[in-house]
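In what follows, chain A forms one complex with chain B and a second complex with chain C.
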Partner chain A sequence: MSAGTAERSGFARLLSAEWTKLRTVRGWLIGLAVGALLTAGVGMFIASATVCSQPGPNGSFVACSNTSGPDGREVTDRFFFLHRPLTGNGQLTVRITDVRAAQAWAKAGIIIKQNTRSGSSYAAIMVTPGHGVRMQYDFTHDVAGPSGAVSRTAPRWLRLTRAGNRVTGEASGDGRHWTTVGTATLTALPRTAQLGLFVGTPPDSGLTQSLTESTQHVGSALATARFDQLTVAGGTTGTSWTGTDIGDTGGMRTAAGGRQREGDAFTLHGSGDIGPAVSPLLPVTPIERTLIGTFAGLIAVAVVAIAFVTAEYRRGMVRSTLAASPRRIRVLAAKAVVMGSAAFVVGLAGSAAAVALGSMLLRANGNAVAAVPLGTELRAIVGTAALLAVTAILAMAVGSIVRHSAAAITLVIAGLVFPYLVTAGAPVLPAATANWVLRLSPAAGFAIQQTQVRYPQVDTAYTPFNGYFPLSPWLGFAVLCGYAVLALAVAGFLLRRRDA
Partner chain B sequence: MNAAAWRLLRAEWTKAHTVSSTGWLVAAIAGTTLALGGAAAAATHCSSGSCDPIRTSLTGVQLGQVAVVLLAVLAVGTEYSTGTIQATLAAAPRHGRVLAAKVTLLCALVLPVGAASVAGSLLVGRAVSPGHGFRLLTASALRAAGGSVLYLVLIALLTLGVTFAVRNSAAAIGTVLALLYLTPIVAGVVTDTRWQRHLLQLAPMSAGLSVQATVGIHDLPIGPWPGLGVLAGWTAAALLAGATILWRRDT
Partner chain C sequence: MYENSITVTGLRKRYGPVTALDGMSFTVEPGRVTGFVGPNGAGKSTTMRVILGLDRPSAGEARVGNRPYRSLRYPLRHLGALLDAGALHPARTGRNHLLWLARTQGLPASRVDAVLDRVGLRSVARRRAGGYSLGMRQRLGIAAALLGDPPALMLDEPFNGMDPEGIIWMRGFLQSLAQQGRTVLVSSHLMGELEGTAGHVIVVGRGRVVADAGVAELIARMSGDRILLRTPATDRAVAALTGAGGHVEPAGPDTLVVTRLAADRVSALLTAAAVPVTELAPHRATLEEVYLRLTRDVTEFRGEAEEVAR
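Let's turn to the complex of A and B:
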């Protein structure tokens, strides 16, 4: 037998010895099972106690309705639309002389839309009070054009051209020199689509935060825009314009849109927004809401991982363990592999059950569960299992360093669980502080559970409490892994230096 | 109190004051309670009419209780991890007395430091509250203060019961902290108001801390004293479980 094989079989024997220790202590198996049950059970409880309702007429509450966009993801699609049918290719040019709205992301401009159904495919060129000219299409796409606000002294010309499936948006400051802002290819656009002017504004949302409270006020808002010098080219039918409030009247819509005509000028007002649905602005429940029990599961798994090393010191068994395997680092490695694997399996069972059953319960209670790509959903589920595995290894290493179970669990809870609880669990810390805590502490690893996407074109409270972590999922997870590697290195160093 | 019980109590006191962690944890109870309470009082700007400056000043209790939990766990858990519990129980064949001695010791430790922390938090809160202070000698302020001290004592005894039941320091800390903090988190997320109310009425921390409220009492999920009563129920159940396991097992 070569030395290499001997070493490998030696490590295999170590693994088998550690696995035997883990599975023969009844309390530890109970602890691991509790970890899985907490992860899954809390999520299922939350799902069954979450009912969706949004403000209806006369202070009542109605079941949530959600609108799906062309790709199946939830969208917001409410605005005032002054339109006429366009068959085949065509072009609309208009001058905007005034936009009055409180929101930086209020929108006024030209839109071509599949039909007047909320959620249908579209492309639009628009002016905004705070973000200049934008070309947006199919809810998630946003291209910036010339910056600057619109006023009577600085009007803005916009032009939208359809050629087959291609829609091009252009902007101009004088009506003669045009800049192409963007081009969209809309495969869902039928031969006869709706072309016209639109106005909308997101609700007036302000965020107040302090150490003890953080609330988002969502009020109503109305935007008004003045259009003139309207020219239509191509196959439009008829000369009359139809005004339609797109989207339902529930949720954030409180004011109805409308228009006034004076000569060749139109003044339109409308509320609502066109864009991806983003929580907490809209009642869309992200799937990671069912994974909130993870922190409790983590505590259970960390307790077992700590006991897994400290019990050896307490009973003096560590002397036989180390005598049987003089290369102490390998003992630590074997313990890490066994404990990490056990925690991963337990975590996977818990998180898969939480997400699968939790989202079923959420839908049964009338909630709109945010649709995410399968890969993202799997990353949240498997990532939660990995979160438990890395935490178990971290806890084990901390236990090996301090050799005292009460001190070790206190360190793990103080370093990993508390930072999570006061930022993402409850809005105890102001968002800016919370973001720093979730960049620097091991709790950054919880970012692996985030499935929601930040959209720059939608203003909402992108705070940890609303499920938006400051670091990307894998980067946040890497921070946690860094802490685990550091703790393992210190534990390994001390294990070689200290007496057992 | 007879001589045997007195000796047991002396023994518990000797164990407690010769361990350096006791002093550190007592200091931590006061330090964390005062620091968080002062920070919360300074940071909270009271614009609406529904705010409760006394309760805000006592926010620190939510953090100070962690040190109380650690103190209570170490009063028992260390004996289990070092094996001295066997000597302790052999010296006092009537195990109920050991439990009674630990209860007395914890009360003697937590009552004074809890009272000092709560009184200090109110004084600090009144000094740093932006704009307006509050009166301390009103019935509701005294209820909030006295109730907060009792809250800390009940948390210590709840932890003691859990530690005797699970006989492991790390497991006891994990269990108690999860029990305390899980329900407020869950209650903050669920949207079914009926369930939310039930959770806040039944959870040891949420129900127990309702004793700190001085305004809007009628809108609370549970009243101040009934809320503390719910926590007392949890404490009684934990002590009973701990006593049962202590009685049925020798170590």
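Let's turn to the complex of A and C:
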């Protein structure tokens, strides 16, 4: 042809042709724009209607807030602390003869803490009613020690040793033979830290879930533990013990802790927990709550992706397409790349706006938006764009297989959107069933949006409705990709075999 | 064999119980308009789809310039085709419809404007194709076929929906394309549309070729020994001629067509019987008549064959 035309590679020509097709039908461009608006808009609407407040001083209500831990993420840090300062290296040993608490994760033991400010760095060795001996530090770290509950006939000795910024926790069944449970390195620990005994327990909680409401019932709880044979070695310690209710401020007021002393024995009462702040146990709003409009944006994009293929079949235009490009698999590949890229751009615009504006609205309404690492936040935003892109490709492939738009849209909604809505969107299905649906159906891909982390040492309702997917973000996304690849393979096979 | 001829050999195609193609074979040569005619369902469109690699035949093969269509890197630069003028997205403008096609062949947008000019659609090129009349869509389809400046063209029923003015334009246009040395295959279910345009016709029926000949030759062959007789005394004429072994068919008021008798013998018989004659001439068939006879024969032959088979 004319000299000015650069001869582009065959596939680049197909991409250019398919892109020309997509951009020259105004309804499709509008549909894609609607996809972006829904992705951003539904979340922003929900955010603007979500208000969080908690009891403040003097009967007032203040914005929801949480304590920040050493790494900036929200933590809960409330317990009764019987402490005295320790300068330099040192060691505390104690015997626990009784722990009384309703919660399996109630905690009693020895703790060394940066200071008495809630959220400061710590390391602790403890016994629990339901999970044996644990070594925990800096809120998210948890190491299991010897199992078994504590009683008057089966007491447990604990020992916590500081050497520089290393803290070692040990446990013993007889006070002579010791087992090292774990060692923590706490860079934030000052030369003079607070060392002592502690008791705490997570609140009694229950959860009511129905189609229309989800209510977390939090009841105040108190744990009691009996300590004796207390010895402090090394370092320079103060001489008198101080009792402090750590973190006893703000909203969810807990029962006051306290202590009684009988000879060399202490009985401590405490409430509250030490650990990561986990939704819905605490009022932390995960950022993916702003991405709740994704399912709606996804429908709009899927409709365009399906029409992109089925419109050709309905009008016989596919014959022009295949006569111009007889290598059919490449035509399908070009369509997938063009449609997937367009959906990705639309999804990225929608999800970036949703997270940026939605979390701004949430904060303005008093919600405590969970702090997550930048990489996690970017994964949720870019992952949402990828979710739309892969869904568009899946929808396009289904459209190519069934060659009928209404049937294809029904399949995509029934296979992807509906399973999401009845599991993560509303707690219609029981959590166990919901988990299986989100493992096996294409809706597993929504896991890419999850920023919350499950902590085995925190009991809460880790259900899809609360934002906890059964598969990890990338594994869930891989399930969706698997469906898309399978649909493309079937579409390609049929496209080659069928007469056009 | 020319580099731009279209050849099909022994094509067979079944759709379930229906045999669409039953040993279709022909070659379309360049430099003339070749009509591809037959009743609806004779296999014209199926043959064209097979040539374009869209349908896979059960047997046989099709070649364009001695290559299978699907092996062509830029197929629209070898063979331009119009299958269905309605095959476009109504929301897309005519120009954009051609633009995406041009992109598949690595052709510049200037080529799109050139073919739009050629078919006279420039003024409406930026309007939605959904608003085009059927005639305008046919022109857009022709423009699409011309996009790659191909040496061979294949048009399925291009006269459909065209007004008389459009039909005249189309005839001239097809002839000019053929005069440029291109191969031009034009299908129609109405032979009359091709009269005066096609230099050669391939007549098909029931999935196979019935006749493949030049138009002049075909008309001469079909006109054969038929004699047109006009007389006010048709009854007496019939009696006189059938008595001598002739076969007479009425062909209008006071008009008969006589076969199985030579013209001078007819003249002598009528004179002997004193039958008044208004006109006596060798009958010249129209292309339409030729076509009707050919395709009727196919149907009758097939009917008998089926009976024999039972």
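We adopt the following convention: the second predicted complex is superposed on the first by the 463 of 500 C-alpha atoms of A that agree within 3 Å, B and C clash if a C-alpha of one lies under 4 Å from a C-alpha of the other, contacts with A are read in each partner's own complex, and residues count from 1 in each chain.
As a working rule, a residue touches a chain if its C-beta (ideal position, glycine included) is under 8 Å from a C-beta of that chain, and two chains touch if they have at least 3 such contacts.
This structure is a prediction, so every number in the text was calculated from the model and none was measured.
Aligning the two structures on chain A places chain B and chain C side by side, free of any clash.
In the superposed pair of complexes, A:Leu14 makes contact with chain C only, with no contact to chain B.
When both complexes are overlaid on chain A, the residue A:Ser405 reaches chain B alone and has no touch with chain C. Judged by the touch definition given at the top, the superposed model places A:Ser320 against chain C, while chain B stays out of reach. Rounded to the nearest 10, the angle at the Cα centre of chain A between the centres of chain B and chain C is 50 degrees. Touch criterion not met for A:Ala443: it reaches neither chain B nor chain C.
Once the two complexes are overlaid on the shared chain, A:Val355 sits clear of chain B and of chain C alike. Of the two partner chains placed around the shared chain by superposition, chain B and chain C are both touched by A:Gly27.
Within the superposed three-chain model, A:Val75 lies out of touch with both chain B and chain C [touch as defined at top]. Minimum Cα separation between chain B and chain C in the superposed model: 10 Å.
Common to the chain B-facing and chain C-facing surfaces of chain A are residues 27. Note for the complex: chain B touches chain A at residues 39-40, 43-45, 56, 59, 70, 73-74, 77-78, 81-82, 168-171, 173-174, 177-178, 181-182, 184-186, 188-192, 195-196. Residue ranges of chain C in contact with chain A, taken from their complex: 49, 52-56, 69-73, 75-76, 81, 83-84, 86-89, 91-93, 96, 99-101, 103-108, 110-111, 144.
Listed in rising order, the residues of chain A touching chain B in the complex are 27, 31, 38, 42, 45-46, 49-53, 210-213, 289, 292, 295-296, 299-300, 302-303, 306-307, 310, 314, 365, 404-406, 408-410, 413, 417, 421, 425-426. Residue ranges of chain A in contact with chain C, taken from their complex: 1-2, 4-5, 7-8, 10, 13-14, 16-18, 20-21, 24-27, 311, 315-317, 319-327, 499-500.
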